[in-house]
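Below, subunit A partners subunit B and then partners subunit C, in two separate complexes.
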Partner chain A sequence: MIRITLGAVSKPLESLKIKTGDWGAEYPVIDEEKCIGCGECEIFCPDLCIELVERPESKKEESKKAKKVAKINYNYCKGCGICEVVCPAEAIKMELKEIYKGELK
Partner chain B sequence: MKAFGSGHGACPGCGLPIAVKNVLESVAPCFVVNSTGCLEIISSQYGKSAWGVPYIHSLFENAAAVAAGIEVALKALGRTDEGPIVVFAGDGATADIGIGMLSGMFDRRHNVLYVCLDNEAYQNTGNQQSGLTPTGCYTTTTPSGKMLPGKLGPKKDMVAIALAHKVPYVATASVAFPRDIRRKAKRALDFDGPKYLQIHSPCVTGWGIEGRQAIPIARLAVETGLYPILEYEYGKLVRVRKIKQRKPVEEYLKLQKRYRHLLKHPRGYEIMEELQRIADENAMKFGLDV
Partner chain C sequence: MMRVVRGFYSVAYSVKLCKPNVICAYPITPQTEIVERLAEMYANGELENCEYVTAESEFGAASILVGASAAGARTFTATCSQGLILMSEVLWNAAGMRLPIVLVNTNRSLSAPLSIWNDHQDSMAMRDAGIIQVYVENNQEVHDMIPQAFKIAEDRRVMLPFMVCMDGYKLTHAYEPVDLLSQELVDSFLPPYDPPIKLTTKNPLTFGSYATPDYYMEFRVAMHNAMERARRVMEEVFREWAEVSGRDWGGHITNSQEAETYVIAMGSLVGLVRDVVEELRKDGKSVGLIKLRTFRPFPAKELRKALKDANKVIIFERSLSLGSEPPVTLDVKSAIQKMDVDVYSLVVGLGGRDVPREVVKRNIEDVLDGKTEPGLHFEAKQFEEVIV
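And then the complex of A and B:
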């Protein structure tokens, strides 16, 4: 009888402890006013870090367009910019991270 | 639990996770078999597994055989209701190294969904030519220079090879159309027996593109007619993605570093004409034009 001990078995979704959010130089910013909650960015995101959430109650009346809004988990976003390209409402803009701004010394 | 999680090691802008997560969206819970390749490296390092479904990687060539074994074992144990078996293999593992095992799996009619993630070269080891590399493409084993204008032979027609095995469901898809991937993966499970799905997926480093360009470039491959999106059921072509205004192939080629030698190589024009001829032929054969 072969016994497999836990030392040799990988557990599911252990990758979640790897925070890939610091890989990229840029990060996406969502303009919640423009977001139409279509989910196009969610379906394309290669790092699975965008999800559609309910719009906060207070802001629901301001924008009558959509009940949902995209939310980015910056812990895992690698800043590839695919969401910016595929967004039909142009609600996502890539911005340079603060630490990369300014001149090289 | 998610079937595929964040924190994997793919390059920013890689097409593979987009294909994988959308296939799994339709078929999970399932058993995943993976061949050696980029997907294995990025998602299954020890202690960093990105999978939330049962996953096995054995060797480069035998993903189809392992999947066949799992299918038979589940049948013998009476556990057929626990989900389908899905193989994720790269283009090299499908068209070159594992084609024997794949042919055997098709031949024995195992109930397995085989997904070929086609990034058109061995990108895991740094862009070497595979059977699915298209004509004129620069790779490290077919460098452009005095002797060669990139790869000389044609792209292997894996769809025709699958059809020749009388596989009941054969389809191609592209990461530029993820909803299409979801529908096709779901549709494939309606068929009993082997299923073949080939997904075109851009590689940021191998193709020499920027991460953000990955989706527009994958879309251009479809819109030029170089990568027709097809769906065969029982050997009959049932659906194609029509193209409203077919674009010249040059538009697709000039965006990628792997094709940039074509613009100045003495035989580059010849290759470009050949690629245009392939695109025209695809459009004629499958009726891509509206």
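And then the complex of A and C:
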């Protein structure tokens, strides 16, 4: 027995329950060394699943790069690849998910 | 109060008495004068607690009503033909969101070729949207149907849009004596809309959310169940209306005559067919009329009952399903499957082609006399198709 609402009405944030992260075949990987923390990917991400976060103190010293770094919420990333295209530092690369790797027989 | 009015006014006046909160429309022939009359009433201050919104298109008009209805408003619009199918994306959504929007469709044909005249192809194209469809015979019936439409659509057991179908021109532009309802009667019959759920700025909600394959199907089945429940609700409301107004329009179908051959008709054609059937009965022919009022939900059970002793049924179709049989024929055949009744589907009056008395009479007589084979027939001219 499942419960459905009249008119498919839902309350705010209920959509968070729907994890769309397994839709895509590819996923973006951020090279934190190359990331300049500009936030282009955050702006362009159509699923609002990229966020600029503070770089950990230790890594800040090491890299001497921007204070912020992009972080991806893979629960909702559909693997569209827009972030890879708009990244001015070429710090994002799309990679094929493990389950899609393998030889065609 | 008996007055001689046009179909437009008959609708507009009835809508006014139902105290809508939001009316939104875009003009299209032959509907425009309905919303013009309502705009006039609004401008004159006769519509209290009501917003009249002019939209940039039918798509916009229907969209505005979706928002208004979700916010708990009683909503009305009128449209037809290209306007209706431009609304169609929104109306499928409105049905899925379970919003009881009431609209009047002034039946008009669809392009191409361009035609502004009457047939039933537009509303039939909306057959599967989850919208209740009732076809009216005259301007009194449409006047009476509006308060019933709101009551049925807004019933918690139903919560679906309701489309009242009236023939363009044949009813909209016609002057007929109409017993205009009183505010007291409508107030006593139709309570204010009490939405089960309401969109407000303090209580943001998503209507018609995304449903994964795990859930989508159940939402659609729930709509089908609501349509099925609507059958009973409509019968209740029809009966209640007969009591309070003193005018009994019958149930989903009306038929009172015993006969071997029945003629099914819808909308404004019913009056003429009734007249012809009466004449043939006086000549001793065993023929009866079935007036099909409700098209969705389709009254299959009622038709089976009505046709249980019949051996022939004639359907006057005002629509087509290109590449198959016309919509009403399909449903009638489905309803009476395994019954020994020959079905004669006679397509008449597309694109406003007049359906004179002689055509109705000849078609019925030819079936009675065995001159017409069962199946699909077009009352059309001989033609040859050429390149320009």
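Keep in mind that, in the parts below, the second predicted complex is superposed on the first by the 94 of 105 C-alpha atoms of A that agree within 3 Å, B and C clash if a C-alpha of one lies under 4 Å from a C-alpha of the other, contacts with A are read in each partner's own complex, and residues count from 1 in each chain.
In this section, contacts are C-beta pairs under 8 Å (C-beta built on N, C-alpha and C of every residue); 3 or more make two chains touch, one makes a residue touch a chain.
Bear in mind the structure is a predicted one, so any value in this text is a computation, not a measurement.
> For A:12, using the defined touch cut-off, is the partner it touches subunit B, subunit C, both, or neither? Pick first, second, both or neither.
In the superposed model, A:12 contacts both subunit B and subunit C.
> May I ask you to decide whether A:82 touches subunit B, subunit C, both, or neither, giving the answer as first, second, both or neither?
first
> Residues of subunit A touched: more by subunit B or subunit C?
After superposition, B is the partner touching more of subunit A.
> Given the touch rule stated above, what does A:46 touch, subunit B (first), subunit C (second), both, or neither?
A:46 contacts subunit B only, not subunit C.
> Touching A:1, do we find subunit B (first), subunit C (second), both, or neither?
A:1 sits against neither subunit B nor subunit C.
> Counting only touches as set out at the top, which of subunit B and subunit C does A:99 meet: first, second, both, neither?
Touch partners of A:99: none, neither subunit B nor subunit C.
> Between subunit B and subunit C, which residues of subunit A are contacted by each of them?
On subunit A, the residues that contact subunit B in one structure and subunit C in the other are 10-12, 14-15, 18.
> Quick one: in the complex, what on subunit C touches subunit A?
96-99, 159, 196-197, 204-212, 215, 218-219, 222
> Flag every residue of subunit A that touches subunit B in the complex, lowest number first.
10-20, 23-24, 43-49, 73, 75-76, 78-82, 84-86, 94
> State the interface residues of subunit B toward subunit A in the complex, per the touch definition above.
1-2, 4-10, 12-18, 21-22, 43-44, 46-53, 178-179, 210-216
> With touch defined as at the start, can you tell me which subunit A residues reach subunit C in the complex?
Against subunit C, the touching part of subunit A is residues 2, 4, 6-12, 14-15, 18.
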